[in-house]
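So that you can tell them apart, the chains are marked A, B, C, D and E in the order they are listed, and the count of residues begins at 1 in each.
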């Protein structure tokens, strides 16, 4: 690992260690059937750190590997390569059921698709109550129920008692999404992996949930990995913004810094595409069709090179690594310019 | 101003659910002029798609038009026979559906689906017209041989739009054509649509629940709430000075990537159940500025400056309050 | 079996929309379901208390009378058999066995389908290949001859044997469907969600997966029950059942062998078949009703006012 | 008695005239004009394989009698009266261990070749060379040692007196043409040879054959002058009774060998020309397992109790609709074998009518009571529905005296397995008989036909072992006719005394005939042959005598 | 392409496994060919020893004493090389190929045609009923066919016989495949007779089988009609008939097709009863007969035939789906 890890460097001491850290996290999927050996590189060499009480927003193109990262962190997928450290302890070393339960209790996940993430055969309270039963063994049955009611109300579903008694098919997509969120809140976790938790909500309700995230972070110290397409909402809640493209993290930095001063051309393109009624239309992206790349058996080189307006020769042969280009702000691009004060750091 | 090509009057659509009918579109009036880009926004479930399908006469049971008329180029589509409609469809107005994955027949090639449309009409189009329109939306005509599942989401949407352009109709109705796409792809597609519209001069009715999306592209904006049009006017005018508390709420709930970071509040409460809509003003249970008349009197669309809004605050002779925002905080 | 296990084609997601608390209400609200359920209820009553329906026989439907081969009359509503037995009484008393076969074989085949289908889907890999193949083999084996072979082998007539045979030959169709559905469930997020929550594998299969498939399981049970009734009747009609048992198929066998039809006694020849058919109809009705309940799109629509869309 | 055929006991010089043709008497050979067709409705349960190998019992029903003929016809219904066929006469040696047939002159095979004593010798020797063809175990069981011809005489020599085998070798062995069977596949594999175009001496030849139907055409070369009268015989392959019965009732088929339920209403009432006659030939009996390992059935008192409890008339009336007459405990089928029937012995033992009290009393003596009821099960064959019906009646009758009977219907194969190896309490069973009661009784009671439990018995399935009875059978072979009658009566006595079998009804030949166009049928008054179309070779006798009324005009 | 090879591999493997079962299952039945033969012999009055029975069977190519594994190997060889031997059951000595050859055309003609007809008709009616959902056809047809699909085959057969074939002036024949007096040939009379004899059995199969297809097709159709692309087709102004068949029908048909292949085994089984009741000399009855007479060679060949037929049909339907559905094509 070279210079590029921007946040405080990892330490083995669990107190000073970041809440969660990944090193060279990689996940490939086999595609095609039978004897096909083609590999889809969903996530490649990802180093990601989430601090305590931090909201990290993860944005990027559809299919760039955001959900895959969340699923890796939640233990749904096993990494092809690399390692995840939770409070300094490697996930792969947690083998006993107790360790695993403890981790699952601390790090729940909100799934992206609310239509498939609730079991249609059970009332929506099922998942919440099960979580409580597994992770809050101190509670009695009725306490669990009260607790469930509390979190359902917290995500803005009222009357909570009635909603909890419904079956998923009786709820709208937005309502289901909030149930998923409530489920993650239920047992006082340390880090919530929220995979596009507000995508189906109307703007108005969306804001309520974003405010809830901020509030939770403030009052209970919960960290978030907030995956979203909606950069504006990321700006609204997140401390740090991480941009992915085709399995790589291409840029990462404090939210305001990234928005104000994007280093990677893809970030530029992405920001330009975000519609904003308050801002005039920018004609930045003429000609780009927005087609995501296929990351099947990639060759070295920048994965954005075909769409990049600034492409140089180097981009075709060398995969760029992340460099520090500003205050806590780094990007993986051969041509990106560092902030004035950061040249020395960027030099290799 | 010339006569509009599409005049929707008093259009009402009900879903038959067994017990109480759901009135998904409630007495909607709407004019669309030639070459105009009309955006229809509103939260999900407020009846936008239903309205579009009602205009295109594409509703199928349990939905049915129970009142009103849809005049297209002077003819009432509601009363028209299916055969006559079939002749009109696609040639004069076409439809782009919400999700191209489902709207394209998965077992037919793109070219085959073009051919079906051509065979259904005796339009004098040349054989390479499909290739031409595909190129127009930026797809290699080689994909005429492809099947839908072989194309990416963006390409499918483009192919749909290309198909809609086949006979260069006067009106294209689009139902959230970009909601399944990535922001970048969405943006690129919107730019292209706008471009084509300006080039070819067709009118567009464009449905979405993404306020920000229409802000850049539409000429006129229709805001729907619970099956009703609650605000109607030039896009800029609505955005600059929303007259209905719901429109205002929508705009206020919008974080922005530019400008100062301000705390935002959403609209409390949840969308109404259309089978049992609230009495009076349908927005009143969630309205920050509701007053005692709201649950009792059903508002109409009142003229407010250059826009129309369905809010009792703007009813002629209303003295209740002059400034809604102030009212909310007092 | 008439090839149709309803629900075969119902979209997988249909299972997802099954009302549970309101199941009874849903059934009561569906005309097919009401008809099917009342028919079934009637048969259950007949099976449980046959003597109530033929009180004058004092529980012996097999009593040999002295007017053989007689047409329907006030005394013998459906006539008499070649041994002078009352056809109506036999008909009523035969309900029990047919119902037992339907329910027993239906349930057995369904359990086997679920076990094999779901295991195949869930275990994946080699186990899946093996189990799928087993399913396919049983699917292509000539069913009826196999039944004949098994029935003769196992010492025929015995009710349990017939039920086992029907289970053995009837499970494969359902297992294929179960596997397909379980496959589609395998990567559904709610299972992942349960795993992330920290649930054990066994809990997930039993508590999270099976209830989700309930609608298919019910449909499968009804289909298998229908198949069992028809096939068992066919077997007995061919004389592969126990000719001394009281069942509709056996009655038909006797009617056929004693020339009921050619002797102008259609009531004897046709009424047991009608009973089989009615029991079958009740299962089929319930089956299709379940389809409708779980997939509202299939419900019949009321005629609408003129201009809807066509 | 009819003309010609003669009522002579086996062994006497036979008359040289062929069997008579009509029941009205009078009309002699050649009295009828030729023409007409008869259609047979007899369920074979399979489609026709179109093979006519007379040595293959699975297919020879369609050829024996039709195409192939025996040396002498033995009439079961007339106490074994003989009719000369391919042999004009026969003579036994004094101790009946050698018999000489005089072979008929002027007979031609249907291909025009002359028939001779060589063919007869060839046929018998073929059976010796190919044991698979020796269906009656003549060379092995009956002790045949040589068959030789000299001129038109053929002599069969046996190790021991062989009169009981006369029925087999004279009546059941079909003579085949040497010139066909000594060449090609017929010679190399006579057992499996299909013989699709059989050459025989019989009244008919195969016209055409399909899986559905065999069409026979009159044999122009037939040796009986003027015969056959009919031009054609149609023999469709019926798979199941119902369609065959329907076709008989409608007159579509004129000759049936069917069990027809409710026959008077269903068949007879349909037309005055529809007739039936069911001559009894053997017994249907409850076969008790006499092996001591079967506690109840091996007890004499139990068997007697059953025999007393049964009301055979009722079994016959309800179970068999009266078509099969009631049997009696002597085992002698009446009226067919009245001559051998010892009515007095039957009455003396009290078996002439049911006696429930006696039965109950016997049961009590054997230690059974209402608190310790006798439970027995009886095996029977699935598909024999009349037996099922009879057993339902039996069950009810036995219940009346306190015996609980369970009826177990078994598929033929399982039934055989159990029957042969002795794995049953009671079995319901019937064997084909012969021209005298000797044949049936010997099969059932002779100890050599038995086997230990677990081993396959050949026909004495109840495992009755009585040296005295064996001795009586042994004496029969060389006895004169009167002694034979006495011997049978003595054996009947053991039937009454030991109750080794409990006959219930008498199995009959199912036979329906329609006289609208066809006549010349065997009847009760003129029983010139067993009348069912499945009786071979009797079917040949009937076919040669049938004529079409319409062809006479 | 890999998909096709996989399918073929599956085909071979399943066939082998099914054939193995087909070999062992009959041999587990009670009784044996010897006993069956003995039984038939003794009915004709012959008395033969067990050795003799064995010689007879050996003459016909069946050696009961032979080691079972050896028999199995020979069986596999003979099945593959189509040397199916001769019957050792009630048609003792008749080549199995001849027996099957006689019966097969009739079964194919009757059962094949009426099954396919039922499928085609059911699909067509189902398409229309689904299309006119809530219409008159849809109101009547599905309920009626729910009832008919639950009727037992043989019962319908008996009913038809009692309605049309018996009584004072029967309209149609109740048995056989053609009038006995006729000789097969390509003449009007014969063909007419064949058709007349086929009407009732075919009607039986049609009545009981068509309902299932109607109902599944209708339900598929209803689900398909709710798809956006159907609405889209209407939006394009494509004529209704074309949408009904070309868009909705075709897509709804695909799942039905594999269902058809899968259910073929059941169909074949059901026809045994039809052939039995109508005395129709086809394979179904032969199957029954071969089973009850322990006719191993015939049974084996029949088993093979049916297994093959169903397997091939499954395979063909797979290929058809493969051709009709481009999605399946690229999956592999």
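Operating definition for what follows: a residue touches a chain if its C-beta (ideal position, glycine included) is under 8 Å from a C-beta of that chain, and two chains touch if they have at least 3 such contacts.
Please read all numbers here as calculations on a predicted model, not as lab measurements.
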Separation of chain E from chain C in steps, with touching chains one step apart: 1
Chains most often in contact, by C-beta pairs: C-E
Centroid spacing, where centroids are CA-atom means, of chain B and chain D in whole angstrom: 93
Inter-centroid spacing, chain E versus chain D (mean Cα positions, whole Å): 40
For chain C paired with chain D, centre-to-centre distance based on mean C-alpha positions, whole Å: 47
Multi-partner residues of chain C (each touching 2 or more other chains): 152, 155, 256, 261-262, 301-302, 304
Touching two or more other chains - residue numbers and ranges from chain E: 29-30, 133-134, 166, 226, 276, 292
Residue numbers of chain B (touch at least two other chains): 58, 60-61, 82
Residues of chain D touching chain E in the complex: 39, 45-47, 49-51, 53, 56-61, 131-132, 134-137, 140-141, 168, 172, 189, 191-192, 194, 208, 210-213, 234, 236-240, 242-243, 246-247, 411-414, 416-417, 420, 431-432, 434, 456, 458-459, 536
Residues of chain A defined as touching chain C within the complex: 71, 74-76, 100-101, 104-105, 108-109, 111-113, 116-122, 127, 130-131, 134-135, 167-169, 180, 183
Contact set on chain C toward chain A in their complex: 15-20, 188-190, 192-199, 208, 211-212, 214
Residues of chain C that touch chain E when the two form their complex: 1-4, 6, 8-11, 32, 133, 136-137, 139-150, 152-153, 155, 173, 176, 226-227, 230-231, 233-234, 237-238, 252, 256, 261-262, 266, 269-270, 273-274, 276-277, 279-281, 283-285, 288, 291, 295, 297-298, 300-304
Chain D-facing residues of chain C, complex: 62, 64, 68-69, 82-84, 152, 155-157, 239-240, 242-244, 254, 256-259, 261-264
